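When the chains are written out, they are named A, B and C in that same order, and each has its own residue count from 1.
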Amino acid sequence: QSNVVIYGVVDTGYIKENGSDVRMGSNIDNRIGFRGTEDLGSGQKATFELERRFNLNDGTLARPDKDWDGAANVGLRGDNWGAVRLGRINELSTETLRTLDPFYQYGVGSMLLSSQRSARIDNTIRYDSPSWTGFKFGASYSLGENMKNLTGVPASITNPDTADPNLRLEATPANVKYYGADNDGYAVMLGYDNGPLTLLANWSRLADSKKSYVWNAGGAYAFGPARISLAYEQTHDKGWREGEFSVKSKQHNWLLGLEWLLGPGRLNASFNYGKVKDVAWSDTDHGDKDVKKYALGYTYDLSKRTSIYGIVAYSDYEDDQVAGFYRNEGLNNQGDPASYDRDSVTGVQIGITHRF
Amino acid sequence: QSNVVIYGVVDTGYIKENGSDVRMGSNIDNRIGFRGTEDLGSGQKATFELERRFNLNDGTLARPDKDWDGAANVGLRGDNWGAVRLGRINELSTETLRTLDPFYQYGVGSMLLSSQRSARIDNTIRYDSPSWTGFKFGASYSLGENMKNLTGVPASITNPDTADPNLRLEATPANVKYYGADNDGYAVMLGYDNGPLTLLANWSRLADSKKSYVWNAGGAYAFGPARISLAYEQTHDKGWREGEFSVKSKQHNWLLGLEWLLGPGRLNASFNYGKVKDVAWSDTDHGDKDVKKYALGYTYDLSKRTSIYGIVAYSDYEDDQVAGFYRNEGLNNQGDPASYDRDSVTGVQIGITHRF
Amino acid sequence: QSNVVIYGVVDTGYIKENGSDVRMGSNIDNRIGFRGTEDLGSGQKATFELERRFNLNDGTLARPDKDWDGAANVGLRGDNWGAVRLGRINELSTETLRTLDPFYQYGVGSMLLSSQRSARIDNTIRYDSPSWTGFKFGASYSLGENMKNLTGVPASITNPDTADPNLRLEATPANVKYYGADNDGYAVMLGYDNGPLTLLANWSRLADSKKSYVWNAGGAYAFGPARISLAYEQTHDKGWREGEFSVKSKQHNWLLGLEWLLGPGRLNASFNYGKVKDVAWSDTDHGDKDVKKYALGYTYDLSKRTSIYGIVAYSDYEDDQVAGFYRNEGLNNQGDPASYDRDSVTGVQIGITHRF
C-alpha cells in the first residue's frame, strides 16, 4: 500500500546488574510504526505517525495503556514554514537533548534522567521550524487533564498549604486539582546544527506538574572520526509530574560524551555527574547527594540495519537513597525517597539491534 | 505484501463545550486497518477485515478490551449472490442510518443516538445482498453470551418480576440470565439507492438486551450540489443492552439533514429532535422529556485525502435529567437517570482529518 | 515496504459442545504478523518476527497481556550453521510434536495437552540446526523471573516441605521463590525428516515450574495420499508451570493420527488415550484416571489460501474429575481438581479459514 511506510526496531539481549538476576532486555526501544506523507502541492504535505512500543523478550506492551506509545499524530508540513503536528508526539526537550548522549538515553549506559522530562507527551500541538542555515526553533503546547467538572473537595484532601510537602497521595484528578498541580504544559527549543558544530537549549514544563520545569543546554563538536558532547540540565520538581506524585527536589545533571568511529562500528563513552538538592531524605537529612556514572560501549555493525553491542556502566551513588532516587525505585507510599539496597551499581549489557 | 491493504484515518483537533475544559478529540474515529480479498474464481471471493480504533490525542485504544474494535471478520462474496461475513462486524442498523446524518454520527454535530444501537457487534454472521437495480437487503444474527453453564441463583438476585424496574445491578452473566436479558440478537435492513434517491429501513435487536429493539426509516434526495435527508427512529429499551444495564425507556428521534457542496468543501447542517418516554426520572416524575439539537459544520478539502473542519452544535434539553440521558452520563448506581449539571450545551470543534 | 512481510490467518465458525450454548470460535488460531529477513552477505541473514494473536469473533486479544503473543524475536541465520533467535519464540517441544497431530493441536479435535508444554515461551534463546540429510537438532534456554531481590518470607508462606502438596496459593513471585518453583527452562529436540519418514523426540522444562519436565517421541510415515502418525508423551508435573500453580501429577498421553488427501481436501482422524496418575483427587481417591478421545474432520479447500472445515470429536472421560483436569477447568481454589459436570463431551465445529 503506497500510502503507508512500515518501519521498526527489534532489539534484545542480556543485562546483568549486581543485585539482580540476569534478565533479557533491550538497548534501543522496540517499536513498529506506520507513517505516511501526502503531497498536497505547492510544497505542502500532510503527515501522520503511529508507533507501537513493546518488550521483545515477552511480547508485552511497553506501557499497558498505550496502544501507540511511540507516536500518534497527524500534521501539515510546508517547505518554507516548517511543520505542525497534533496528538501524541516526542517531547522537544528529550528528543533534542538525548542526541548529545552517546547512548541516546537507552540501556545501561543511558545519561541521567531528569524527573521532569518525558519521552512523548499527550494532547500536544508542536511546531518545528525549517532549518535556516542551521538554526532551528521548536515549540509545543500540551493540554492538562480536564479538571473543570470536578466539584466538592474529596475527604482525603487536607489543606494544600499546610500539608506535608512530601505527602504522597493517590494520583487522582481530584488530588491534582486540589493540590494545585493542574497546569497545561509547554516547551521551547532553540538549536543550531551546521558542519561540525551542534548547539541546543530547551525550556519545558510538563502538564499537571504543579508548574515544575526543566531547562537544559549543550553542544557537540565533531572532528575526524570523533564527536565530543557536553550538556547541563537543571530540574525544578515541585512534587508532581503529568498528574502523578514525584519527589520534590532540585536536580543538576552534567554529561560529557564521546562517540568515536572505530573499526567496523562505534565506540561510545560518557561521564555523568548528578546532584539532587532540597529533598527531605528524612526528618533530619535534607542534604545534597550526588552520583557519578561512567559508561563505555561498542557497537559492531553487521550491516547498515543490523548490529551487535556490548555496554558496561558503573554508577557510584553517594548513598543508597540517591541510588533509589535515580533508579526510579525511590518512592515509598509516603513520598519519601526509599532506600535502594546498594550505593553502587555495575551493569553489563550485550545484545542485537535490527532495524526494518 | 500483495495480499493485504493497509488503510486508516487519523483525525484530531480541539473541542470546547461549556462545562468542560478545552480538550483534544477527533471527529471521524481514528483507525488503522488491514483488509484483503482473494479471488477464488467464478466470481467468488474470500474477504477479511481487521481494524483497530484508537484515540490519537494520547495513543490509547478506543476500547481497552478490543484489539480490533472496528472490524474482525472473514467471509465469502459472490458477484451474483452477495456476501456473508463472520466475526465482529458493523451493525446494519447503525451502518445504514448514519449515512442520512450529515455528520455521519461523529463529533459534536452527531445525530442523537438510540440506546439500542451499537456501531459494531460481536459473534455475528451477516449477509448482504448484491444491488438489484438499487434494491438491497441485509440481515444478521448475533449470539448472546454463553449462559447455559450457570447454575444456582446468586444471592444478589431478587425476584425479577417484583424487582424495581430501574434497579441497576452489576452486569454479570448471572444477572443477565436471571433478569431475563439473555437473548440472541438479529437485524434486518431494506434499502433502495438509485440516482438521486436513497431509502432505507431497519429493524434490530442487540444480543443480551432483554429483547429490547429499535426500528428506523428514512431517506435522502440529492438535487444539484445539495442533499436533504430525513429519518425517524423508535427505540424500545427494556433496561439492558449487550449484557449491560441501560435505562428502561422508549425513545423517538427525528433527524433533518442537509449536505451542500460549497466552494472547495461541504457545508453540513442538521436539526435533531428527540423525545424520551416511560422513564422513572424520580418517584413522582415519569413525564416525557425532549431535546432539540442544531448543528452546522464546514469541511474544507486540502486534497482528496486530507481536510480541515469546523463544527458548532447547540443542544437545548428540556431539563438536566434528559441532558444526562443523551450525554451518556445519565445513570447513577441505582439505575436512575442522574442529573447532568446543565440543560443546554454548546459545542465547538475544529480539527484535521487525514485518510491513508 | 520491502523490509516487512505481512501475513496472517483469519478463522472463525461455530462450536457446539454438550453442556454449553453454541458459540463462535476458531480452529486455527487467528493472527497477523510482521516478519522480515535481511541479507548480511556470505550466507548470513538477520531475521525478525512479530505476531499478534486474537479472537476473531469479538476482536479481543488472545491473551490480554500479550501484544505479540505469537512471536516477538530477533535473530541471525546462517546457511551452514543454523539459526539463533532471542525473545518470545515457539517452544520446541510443542512446535514439533503438534506436527504429528492431524488437527495440529487446534479446535475440538486437538490432541490431549500436557500441562507442562506451552505454545510460546518468553525470555528465550533458541538454536535450530540446519538439516543434515534430514537430521535436525534444536535447543533453547529460557530465563525464569527475577527473584533475587525478594527478601523476607511472606506471612502466607508455610514450610514448603510440610505444606499440603495440593495447596494452591496466589502465583506471586514470593510464592514461586519460597516453594522452590524458581528455575530456568530449557529444551532439546532431535528430529529426522527424509522422504516419507518423520521421527522426532523432545525433552523440555518450563521456567519457574519447580523443575517439572516433559518428554515425548513420535513419528509419521506417508504412503500415497495418506500419512499415519504415532506419538507418546510423558509429563512430570510438580505443581507449577511458568510461575503459576498447576496440579501435581504424572501424565501419559498417546496419539494415533491419520491424514488422508481425499477429493478436493483432507480427511483427518485421530485417537488419543491419556492417563493421569499420582493426583490427590480427594483425601481417599489417588487412583489413575484415563480418557479416550476420537476425532474426525474434513477440510475442503476453496483455494490454496481459503478452506472450510467440519470436525466432530468425542471424549470419553473415566469420570468428571479427569474431564475437568483435561478441559482446563480442573482447579478449585485449594488446588484440588474440581469436578466438571459431565464425564463425556461431544464437540462439533464448522468454520472457515483464510490465510493472507
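Following the convention adopted for this analysis, a contact is a pair of C-beta atoms (placed from the backbone, for glycine too) under 8 Å apart; a residue touches a chain by one contact, two chains touch by 3 or more.
Note that the structure is predicted; figures quoted are calculated from it, not measured.
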item	value
Angle, in degrees to the nearest 5, of the Cα rotation that carries chain A onto chain B	120
Interface sides of chain A and chain C: same vs different residues, half threshold	different
Centroid spacing, where centroids are CA-atom means, of chain A and chain C in whole angstrom	40
Contacts with two or more other chains, residues of chain A listed in rising order	4, 6
Of chain B, residues touching chain C in the complex	1, 3-4, 6, 34, 36, 38, 40-41, 44, 46, 48, 50, 65-69, 71-76, 86-88, 120, 122-123, 143-144, 146-149
Contact set on chain A toward chain C in their complex	4-8, 10-13, 19-24, 30, 32, 52, 54-61, 64, 302-303, 305-306, 341, 351-352, 354, 356
